[in-house]
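Inspection log for the structure reproduced underneath, given as structure tokens.
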Amino acid sequence: MRPFYENLPFLCIFLAMLAGITTSILHSGKWAMRISITVLTVVGAASAWLLYATASQNTYFVYAMGKFPSPWGNELRAGPLEAGLALVFCIVMACSLLGGLQDIFEDILPGKQNLYFVMMDMLLASLLSMLYTNDIFTGYVFIEINTIAACAIVMAKDNNQTLVATMRYLVMSLLGSGLFLISLALLYSITGHLLMPQLGESIHSLFVGGLYNEPLTVLVGLMVLGLAIKSALFPFHSWLPDAHGSSTTASSAILSGLVLKGYIVLLIKIFYRVFNISEVRSLKVTNVLFVLGALAMIMGSVKALQEGHSKRMVAYSSVAQIGYIYLGLGLGIEAGVVAAVFQIIAHAFTKPLLFVSVGALSSTAGHEKKWYYLRGAGRRCKLAGIGFTVGGLSMVGIPLLAGFVTKLYLAQGATLAAWQTITALAVLAVSSVLNAMYYIPAIVQIWSSGSTCQEIGIEPKVRRADPALAVSILVLGAGVILLGVCYRPVVSVISAGLALL
Amino acid sequence: MELFTILLLIGLVVCAVSASLAKNLLNTLLIFMAFSLMMSMIWLLLQAPDLAITEAAVGAGVDTVLFLLTLKTIHALKGTRFDKGHDEKH
Amino acid sequence: MTKNIKEQWRQFAAWVNGVENDEPVVTPEEKRAARPHLPGFVHRVLSEKNELRLYHAFSAVMCLVFTGTLLLTVLFLPTFGGAGNPTENEVMERYVEKGIEEVGATNLISNIILVYRGFDTFGESCVLFLAATCVMILLRKDEKNTTAYDLAERAEDAEIESEENTTVLRSVVRMLMPVILLFGVYVLLNGHLSPGGGFSGGAILGAGLILFENAFGLEKVRRFMSEHVYHIIKVAALYFYGFTMIYVFFTGANDLHSIIGTGIPGMIFSAGVIMPINVAVGLEVACTMYAFYAFFSKGEL
Amino acid sequence: MSNAIATWSGDYYQVFAIILFGIGFISLLLHKNLIKKIIGLNIMDSSVYLFLTSFGFIDGRVAPIVADPSVPVQMETYINPLPTGLVLTGIVVGVSVTAFSLALTQRLYKKYHTLNLDEIIILAKREEV
């Protein structure tokens, strides 16, 4: 009999799945929402317990799904990194749902609101499985669940733009899944295993023996490409602005904040557990990731600079922020990966904060999303204005906010890197300036006096933050500030978790 | 036996190319159905009867029904009475 | 009686000859009017859009690169069909040699997908459930996705499917239906002994239901398969599957005594949880396939 | 080069699987027609399954279904059952995805009355402005 907390990852995944199945027969969206929030709370509490249990003993455990251990049965694996990320994902998902609640009930027809929450529960289950899985084929199955659920929450708004965006998103995602599956087939053919520990051992021996070098290079390339398409790395980002910019507020927040990160976490797990980071570096994959990450940081910001539509601007900024994560991975050293994981957490708090705030701000101008018409919106919904300001400044990299710490650690990592130092520092500086060039005018615009939305016949109205919105913005904002002020414990948990991977 | 296998595999490629080049969507669909049936035979040759039975039930059965229903909804089935008048004019 | 048969024959002959005496409810003119005018600028913009051309060139190059690289990779892979390839290892050995002893099904594949790697397969059932939910979001009748034109079209379809037009189909279905159902149930129940199992059996049953609906119409099917029943079957099957899996995983991982045995290999009631799970999966799949059909064609169950 | 051809002719299943993958891939990316895109997707999926299954096949062995369970099972009699199991999972995923994308196609057609994705994207952009 193992200690009870070791059952938690498995129970959390099944709780989320069964909640989704139950929700599908409810008639009321309100009850579906309550079930989702309850599940998120329970899973969050369980993850906190797991984090405490694993971080305090600095240990990890594997959990065989059934009585057959690896390499025969499916397995889960949990350590401080997985538990911590699960906790972050639960908090962010709950806050995004609360912050976008009003929009969900306005945008979706009453008969279909419960189905939206089915997707949310399944999304949670798939994210948790992608975090905890120790089996690469389980990873594939849950990537597919994640894809379908993510497409469904884009199209839930059910207007023309979201349907078109969903189609593009679906085509690109399925392409990514196909590439991932073919690389998985190659991996299986040369090792004969699917579970990460055995894969790691046999790949290590292949490296030492110099066998199957060509298939290994190809399969790493295909796997990275598949996951890069799904996580919108430049130049495969073309689907992202439409999908994230047109869907309902909560969907945008969750897609940008969490769904993209799920794939990257899986990629990091594969880098560490199937290969190890020095083998990946010797295959030159990290160099490609570094270049693409740097390009994404610049191009995403340039595109955002040209964008007058508020949500699309924030969505393009996600392209740039994903670039930061890949830049960190591309440094190919421990410090870079730590910075990348920190950026995953920081961005998971910041981007939903921005999306939720923009959603609330635009509701003061009749849901008009152009920056031009949002003049003075911050004065009409003060809390959302403050939320947007905090998030925007964090993106720019003002000290004491989460974004600054990411840049600090990325810069520190860059100084240790082999050849990337100068490029990384220059790109970081340019990207910060570009971020400032579009976030600062937006902040100025929402705090200016007067309003412009009368020009298109919309009467500006004052919106008092309802409790759900207030909780959401306060928790996410507090997260951004806390990550910026006391980041040391977070970084130490990340380093400990990575060392255990 | 090997010859038969290779013929089937060539048939698969021919089906795939012609499904992708066919002008009429209904033809595409029928060719795709043939593709599925051949695939199901190939599963048998690869000693995977489970896959053969699933592919036959799904690829040639359910998938085709779904595609046909979609074609009907989008009025791509020529000769159904909705499009008769339409066709005569063109 | 004789008149009725004559009448039916006349209609059948007319149908064979392609003669249609009744006017469609929706005329082609109306249909064209319902279609929004596709403006000429679309084509102009398309030619202007160099971005798209770039995308096409990029895709073509990418495809060629992939195919070439993969073809080259095949050269370095283990030989096809060779004994002693890396895939023939201790994993396969245990699946093949210990499978019957540890799990109990003589179809070794069902041992793997339902017990050894049961979590993957539960995920797969959830994918199907999610797809059904997505189709429901998209196509279940509501004010956003159904216009008066669609309703008129469906009404006309219902008229085409009315009794006098489907005599041949009905007679055939009356003969085929028991065979299809029997085959589906056989595949379902023997999933642990012979090829087949929950998914293929369910798909066959679903195909049978679809055929039945085609012949006898939605109202007849609704007597035993309404949306309410669909939800109950789907949720009950997934709950049964989910809780069985929780029990199996929990007892297995914690080394607790499990009440699930292997039975006598080769018998119908053997292999522990495999047959009940196959039945549950089969019911879910059959319902889902029928639901796909119903939402695609009618927008309701 | 002659070595390469000899290897390819030995691994013909994999070679054909990859050719099919290329065909499916290019129809998924280049076809403007949504139905053809989806058919391309299905072809691509099938090719990947074929690729994966071919690694489980071993010459001269039979499908992993034991006829007489009373005799001890020898590994040398049967092919590798694992790839078959994985592909079975994959096929179900494929059907689900097909159903979803076809439903989406129907809705898009009802809105824009065309199946050309490029036209649809442009029309949607026009609407937005």
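Note that the chains take the letters A, B, C and D in the order they are written out, and that residue 1 is the start of every chain.
In this section, a residue touches a chain if its C-beta (ideal position, glycine included) is under 8 Å from a C-beta of that chain, and two chains touch if they have at least 3 such contacts.
All values reported here derive from a predicted model rather than from experimental measurement.
*Asks:* Which chain pair shares more contacting C-beta pairs: A-D, or A-C?
*Replies:* Taking the two pairs in turn, the one with more contacts turns out to be A-C.
*Asks:* Distance-wise, how many Å sit between the C-alpha centres of chain A and chain B, to the nearest whole number?
*Replies:* Computed from C-alpha means, the inter-chain centre distance equals 39 Å.
*Asks:* So what's the Cα centroid distance for chain A and chain D, whole Å?
*Replies:* 28
*Asks:* Hey, how far is the Cα centre of chain A from the one of chain C, in Å?
*Replies:* Inter-chain centre distance comes to 32 Å.
*Asks:* Could you please state the distance in Å, as a whole number, between where the Cα atoms of chain B are centred and where those of chain D are centred?
*Replies:* Using C-alpha averages as centres, the distance is 14 Å.
*Asks:* Which residue numbers or ranges of chain C touch two or more of the other chains?
*Replies:* In chain C, residues 70, 75, 77-78, 85, 87-88, 91-92, 95, 107, 109, 117, 120, 124, 127, 130-131, 134, 138, 145, 195, 199, 292, 296 touch at least two other chains, as defined above.
*Asks:* Where in chain D do residues touch two or more other chains at once?
*Replies:* Counting only residues that touch two or more other chains, chain D contributes 12-13, 19, 21, 25-26, 29, 54-57, 63-65, 82-84, 86, 88-89, 91-93, 95-97, 99-100, 102, 104-107, 110, 112.
*Asks:* Give the residues of chain B touching no fewer than two other chains, as numbers and ranges.
*Replies:* Expected reply: 49-50, 54, 58, 62, 66, 70, 73.
*Asks:* Determine the shape of the graph in which chains are vertices and touching pairs are edges (line, ring, star, complete, other).
*Replies:* The chain contacts form none of line, ring, star or complete graph.
*Asks:* Mind pulling up the chain B residues that touch chain C in the complex?
*Replies:* Result: residues 49-50, 52-54, 57-58, 61-62, 65-66, 69-70, 72-73, 75, 81-86 of chain B touch chain C.
*Asks:* For the complex, give me every residue of chain B touching chain D.
*Replies:* So the residues of chain B in touch with chain D come to 5-6, 9-10, 12-13, 16-17, 19-20, 25, 28-29, 32, 35-36, 39, 42-43, 46-51, 54-55, 58-59, 62-63, 66-67, 70-71, 73-74, 76.
*Asks:* Contact residues on chain A for chain D in the complex?
*Replies:* Residues of chain A touching chain D: 137, 141, 144, 148, 151, 155, 160-161, 163-164, 166-168, 170-171, 174-175, 178, 181-182, 184-185, 188-189, 194.
*Asks:* Flag every residue of chain C that touches chain D in the complex, lowest number first.
*Replies:* Within the complex, chain C touches chain D at residues 35-36, 38, 42, 45-46, 49, 52, 56, 59-60, 62-64, 66-67, 70-71, 74-75, 77-83, 85, 87-88, 91-93, 95-97, 99-100, 106-109, 111-113, 117, 120-121, 124-125, 127-128, 130-132, 134-135, 138-139, 145, 147, 150, 193-195, 199, 265-266, 292, 295-296.
*Asks:* Can you tell me which positions in chain D touch chain C when the two form their complex?
*Replies:* 4, 7-8, 10-15, 18-19, 21-22, 25-26, 29-30, 54-59, 63-70, 72-76, 78, 80-86, 88-89, 91-93, 95-97, 99-100, 102-104, 106-107, 110, 112-114, 118-119, 122-123
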